[in-house]
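Naming follows writing order (A, B, C and D), and every chain is counted from residue 1.
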Amino acid sequence: MHRPRGEKLWYIPDGYIPEVSSGQLTSHESICVLNTASEDALLRISIYFEDRDPMEDIMVVVAARRTKHIRTSSLHQEGTLIPVGVPYAIEVQSDIPIIVQYSRLDATQAENALMSVMAHPIK
Amino acid sequence: MHRPRGEKLWYIPDGYIPEVSSGQLTSHESICVLNTASEDALLRISIYFEDRDPMEDIMVVVAARRTKHIRTSSLHQEGTLIPVGVPYAIEVQSDIPIIVQYSRLDATQAENALMSVMAHPIK
Amino acid sequence: MHRPRGEKLWYIPDGYIPEVSSGQLTSHESICVLNTASEDALLRISIYFEDRDPMEDIMVVVAARRTKHIRTSSLHQEGTLIPVGVPYAIEVQSDIPIIVQYSRLDATQAENALMSVMAHPIK
Amino acid sequence: MHRPRGEKLWYIPDGYIPEVSSGQLTSHESICVLNTASEDALLRISIYFEDRDPMEDIMVVVAARRTKHIRTSSLHQEGTLIPVGVPYAIEVQSDIPIIVQYSRLDATQAENALMSVMAHPIK
């Protein structure tokens, strides 16, 4: 049996899906999750906005002993996607401890730009 | 009722507003705040410099259950803005726990560059 | 005698070795380790994937009072390298406390992009 | 009287001063320190290498209620600078608590790339 590692609740205040891409790569963001445990992790992801109520409890499974790099553009709730070009923030809850990192590739201009942070864990 | 998450005091030592922009995008920095609580958060932001006294207690409200991505170029104290092209540091105090991330887009040259960090929380 | 500093277990969920390079520099990632102690640190690095079992316990030594910036493309287990162009995650275990940072240079396009994070420590 | 905030010991494993610059900006790294206290902070910075003994106890003062963005290329010990193009790691000790962030601008190619991390604090 492998132990879960990390925390059950993580936050990323700076979410943003760029509207356009002009280089060889497509602009995108990823929520990168690692589940070190021998059991699957069930995630509930909530999205907070500047001017409207949150989208709550988008469900994602990260399998036992696996990582999952989740494109935020793939997240939806009953078919509703996260809007592009809008500032938002991300909450990741899990039923078992996980580790969460956030990365963004911005290809708005001809050359790409990268940023990455560990999400902020709540103990 | 939704609980506040995070901490009440956060620091970002590396603040800098680039002087010029030459690409499609404008250079800017953002202090990205998430307030998960059912009540508004009242922030007091202070700016520290290398060679003069701090600008203290710039007030900002982040509404309940909302994120706010605050452009540092919009912060002012009685009409005085943060000077551009000058190294500075940022303190974010809040009356309730919040989560704070800092990101910078540098468009000084034709192509943009990105950086981001979680602010350092004081417990 | 110099004391070890940091933690014995660190995680980086967002690992990725870019497939191509087109600039003057070669795309690469580095796991940057600092060993402040008067004794050598023995690391066991494990790699987690999205769709297969982990590569476990790749051994690396970081000498006493030294740093080592480990190219992930140099890590192998019985001759098997980490595949390029595939999302993965990294676990770094050490017999004594160390400090771990992860950086990536992406030279997929003509100009390079950089990202860096402190790994997430488990206490 | 203003209180000191943060920690007295911080680490940055991934230090690197790029050898060349080709854009409008010069490649550089900065150790960004914030001293929130009413008294000056006395820093002792040590540099660790991959293949030689550390350079220890480079002294720097950060004045009361000030930030200081220290160019690593300005640090020296009896006239000896940190070598360029060589991987190294950074230790920052202070007599009072401070907050430490590390940022790098890489202008090796025509367009700049940025990275930044909070240093790892030891409690």
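Here, a residue touches a chain if its C-beta (ideal position, glycine included) is under 8 Å from a C-beta of that chain, and two chains touch if they have at least 3 such contacts.
This one's a predicted model, so the numbers in the text were calculated from it and none came from an experiment.
Participant: Can you give the rotation angle that fits subunit A onto its twin subunit B by Cα atoms, in degrees and rounded to the nearest 5?
Facilitator: To map subunit A onto subunit B, rotate by about 90 degrees.
Participant: Please name the chain that ends up farthest from subunit D once chain centres are defined by their CA atoms averaged.
Facilitator: Following the centroid criterion, the farthest chain would be A.
Participant: Residue numbers at the subunit A-subunit C interface: does the shared fraction exceed half, giving same, or fall under half, giving different?
Facilitator: different
Participant: Taking each chain's centre as the mean position of its Cα atoms, how many Å separate subunit C from subunit D?
Facilitator: 22
Participant: From the mean C-alpha coordinate of subunit B to that of subunit C, what's the distance rounded to whole Å?
Facilitator: The mean C-alpha positions of subunit B and subunit C differ by 31 Å.
Participant: If you look at subunit C, which of its residues touch at least two other chains?
Facilitator: 110-111, 113-118
Participant: In the complex of these two chains, what residues of subunit B are touching subunit A?
Facilitator: Those residues of subunit B that touch subunit A are 5-6, 23-25, 30, 32-34, 36, 65-69, 99-101, 103, 105, 110-118, 121.
Participant: Which stretch or stretches of subunit D touch subunit C in the complex?
Facilitator: 9, 11-16, 48-51, 53-54, 87-89, 91, 104, 106, 108-111, 113-120, 122
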